[in-house]
Amino acid sequence: MSALVLRAGRRSFRVERRTLWLSAILLGTILALGFVGLCYGGATWASPGEVLAALTGAADSVVIVEWRLPRVVAAMVFGCALGAAGAIFQTLTRNPLGSPDVIGLDAGAYTGALFAFTVLAGTSGQLAVSSVLGGLLVAALIYLLSLSNGLSGLRLVVIGIAVNAMLQALNSWIVLRADLEVAMAAGAWNAGSLNGVDWADLVLPLPILAGLLATLLVWFRPIQQSTLGDAVAATTGVGLDRLRLMMVLIGVGCTATVTAVAGPIAFIALAAPQIGRRLARTPGVALLPAALTGAVLLLTADLLAQMLLSPESLPVGVVTTAIGGCYLIWLLTQEVRRR
Amino acid sequence: MTTRLRARELTLSYGERVVSTKLSLDVPDGAFTAIVGPNACGKSTLLRAFVRLLRPAAGTVSLDDQQIAAYGSKALARSVGFLPQDPLAPDDIKVRQLVARGRFPHQSLLSMWSQEDEEAVTEAMETAGVSELADRPVQELSGGQRQRAWVAMVLAQRTPYLLLDEPTSFLDITHQYRLLTLLARLRDEGRTVVAVLHDINQACRFADHLVAMKEGRIIAEGAAADIVDAALLKEVFDLPCVVVPDPVTETPMVVPTHFDDP
Amino acid sequence: MISTETRPAPTSTARWHVAVLVGGFALLAAVAVVSIGIGAQAVPPMDVLRALVAPDGSANQLIVLEVRAPRALLAIGVGAALGVAGVLIQTLSRNALAEPGILGVSTGAGFAMTIGAALGGVASPAAELLVATLGAAGATLLVYAVGRTAPLRLVLTGVALSAVLSGISLGLRLMSPDVFDKYRFWSVGSLAGREQAPLLVPMLAIGLALVGALLLSRSLNAAALGEAVARTLGANIARVRLATLVLITVLAGAATAVAGPILFVGLIVPHVARRLARGSVPWLTGYALVLGPLLMLLADIGSRVLLPTGEVPVAIVTGFLGGPMLIWAVRKYGAGSL
């Protein structure tokens, strides 16, 4: 048997051994990467001992606890949120292209940010508010346009792609007309970055994301059931309309919250579910593997973004796309070879 | 015969295209009902209305004198099980996992896997004859095995009503008869079975109640022996034929003759 | 079904298609004449025709012959290339959401342009053309090598590679304002001033590839029925796939090289054409050959007249023309029928 059954009286809980192992390994990797992230920053290394001392409170270290720790925590939680959001959207639309960055949420956030950059002063507060508003408006627009006699996944993707392309055209035009300096600042914001994230930035986002992810756990079983196709899902008791609205709300909530703090970090939502699913080989939605893979991706990317051109720090989105994409291509070549 | 599941004056349509108007059908309780008719006569559409996959433009479907529109999603799924024509299993799902999905309506959002769930799954797999395949991926099964795995999923739902849309298509003749025999046995155990069937002879042999449809209307219904004759076949299928007693079961057997227009 | 698609279509259907196509070409010619006439210096349609048929060297005619006509020709070539490339990629991948960009064509070109600009070697329009074409071809080859076995994998690989390349080039651009500046102008596809670049080679390549696409469309018709059926019909799937990809690369690569990335034409044209073609790939290709140029010409006219202050890049016009069209089509016909 490849499944592990935990029993408690007449109740039991069945998990696939492979999923369990994979989750444990991914979790271990996340913690290890997080620890490395605490050791390294600003082109200097701290010894593991110093980090442990700082974490346990045995020694005071502003650098580790106030600068590096929030950044590492942000990378972990944001990675999970983006991976989960991607898994939700790809399940909802039954299409690997149905991730938030493909269907226009990121482009909408960028439009909002460009507004803040070109019309307002471009402060971080304005950026957060206008980018979230941009993303939410686009999400609502796509959702409403996709509604007609229920929500169809494919229709949502196609309309998302259409809206995305229009927004991209608009965005690149604004960039074209803007001063070079403003344009470059906007371009850097659009690449997404965890530079300078501190605890104050995370006070609101962390509880919001925790709440969203917890809600997601509660809804996990109906989401999984929905992968049997609309007809079977409905006749086995899934309220599809309510479920879909719920999924959209959670997915958009996760994406928008991350974007408000770190900008649109591209590609994790698209790649993490695909990578996670291939690693776990679970049927339907591999929600947990997707979330954990997202965290691993973002942590790795953030470390590399700091190291590659140190002491300069690259926008993390540049690295997420590069390594996530390379890994996905590698996985795909492996699949080709196996057949 | 008592009925608890009934359709009254249904108008069924896909968007602008109206399939049926004023369609009424009482499903006899504890019986095997077969719906037959030529392609695109609205038999699948009627079935979809019974399981609320299609909202009628007018008219009602009721179960125990309560409209099914008023049932909660899970409540209805605990009473009426449905197997669509070509269900699509997620990648990498194993037979046991697929069958376990049939327990969904019996679970709440947070409840864990119970003893009853486990029993229902084991029993369903035994009944459908897929116990040996429990750990095989559904993708790797043959057509007949896959269909039985899906039947097991619906059985695990443990519903008094079982509705199946062309469950025998893509099966070889042995598997067709095995599946129909299984459905008849479920009827004997007290369940109500409704199936859209392609083969009129199989329908005559296994069904207690036959419903013949054409162009969205019910042309005739009743016991096969009472309604199936050459005139009905001509009217419903436009098929010239003679009807003789089945040498095994004595039920009507349709033997096509020659077309007038070669 | 199969028999009607492999044998010549019944004559009445064929006649209907021919009539619609002839009407389409007439409309295309009319729009081309209008497009040539419109601009800072308006030229009446009759003068346009006279300039094309019997040039006499007047100032108006010089504008027509030196600037407007080449630009219209460019729009027609780019539109046809993108439309037909879209038909090919959607038929090949059996994914109605695929467009040439999905094979990494535009990101490959963009990546090559960024590298070229960063190294400082790309100064002349001819060099730009060459670099962009090489980038597009390289990216497509890589995507094909990894994803050739299944349509879905092809799409995924294309998206992944596009992400890698755009990530790296974004990083490079953010480090150098010069490169960023150069790229932001190239990255918004435009026809303005591009008619002055050496166009003979890319237009010739597009022309040849279009002929190739028409020749290949019958085999694709068979391939569209799925691998097994196609094989029994005698189509060599592997060869058809390879040939199709080469054509897509040439078409989309050349179009991107001359005009920069232009979204949507490759996505929306096949959708509209499919409504007319009713399941036949050869007719689909024919319709794309008319609709692509038509859309580009209209967008180009739009790019010149929409704003009084100056030109809007044509890629932005196609974006705002194609987006609502696609949304309307999805809502009207449903996504499943795309």
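Structure notes:
A, B and C are the chain letters, set down in written order, and residue numbers restart from 1 in every chain.
Here is the rule we use: contacts are C-beta pairs under 8 Å (C-beta built on N, C-alpha and C of every residue); 3 or more make two chains touch, one makes a residue touch a chain.
These numbers come from a predicted model, not from an experiment.
Using the mean of the Cα atoms as each chain's centre, the chain most removed from chain A is B. Ranked by C-beta contact pairs, the top interface belongs to chains A-C.
Each chain gets one centre point, the mean of its Cα atoms, and the points for chain B and chain C are 49 Å apart. Between the Cα centres of chain A and chain B there is a gap of 43 Å. Distance from the chain A centre to the chain C centre is 33 Å, each centre being the mean of its Cα atoms.
Put simply, chain B touches chain A in their complex at residues 48, 51-53, 72-78, 80-84, 87-94, 97, 101-102, 104-105, 107, 109-115, 118, 135, 153, 157. Taken together, the chain C residues at the contact with chain A in this complex read 96-97, 146-147, 149, 152-153, 155-157, 159-164, 166-168, 170-171, 173-175, 177, 180-181, 184-185, 187-188, 263-264, 267, 312-313, 315-316, 318-320, 322-324, 326-327, 330-331, 334-336, 338. By the touch rule above, chain A contacts chain C in their complex via residues 95-97, 102, 145, 148, 152, 154-155, 157-159, 161-163, 165-166, 168-170, 172-173, 175-176, 180, 183-184, 187-188, 191, 266-267, 270-271, 274, 309, 312, 314-315, 317-322, 324-326, 328-329, 332-333, 335-336, 339.
Contact residues on chain A toward chain B in their complex (touch as defined above): 1-2, 8, 10-14, 218-219, 221-222, 224-225, 227-232, 234-239, 281-284.
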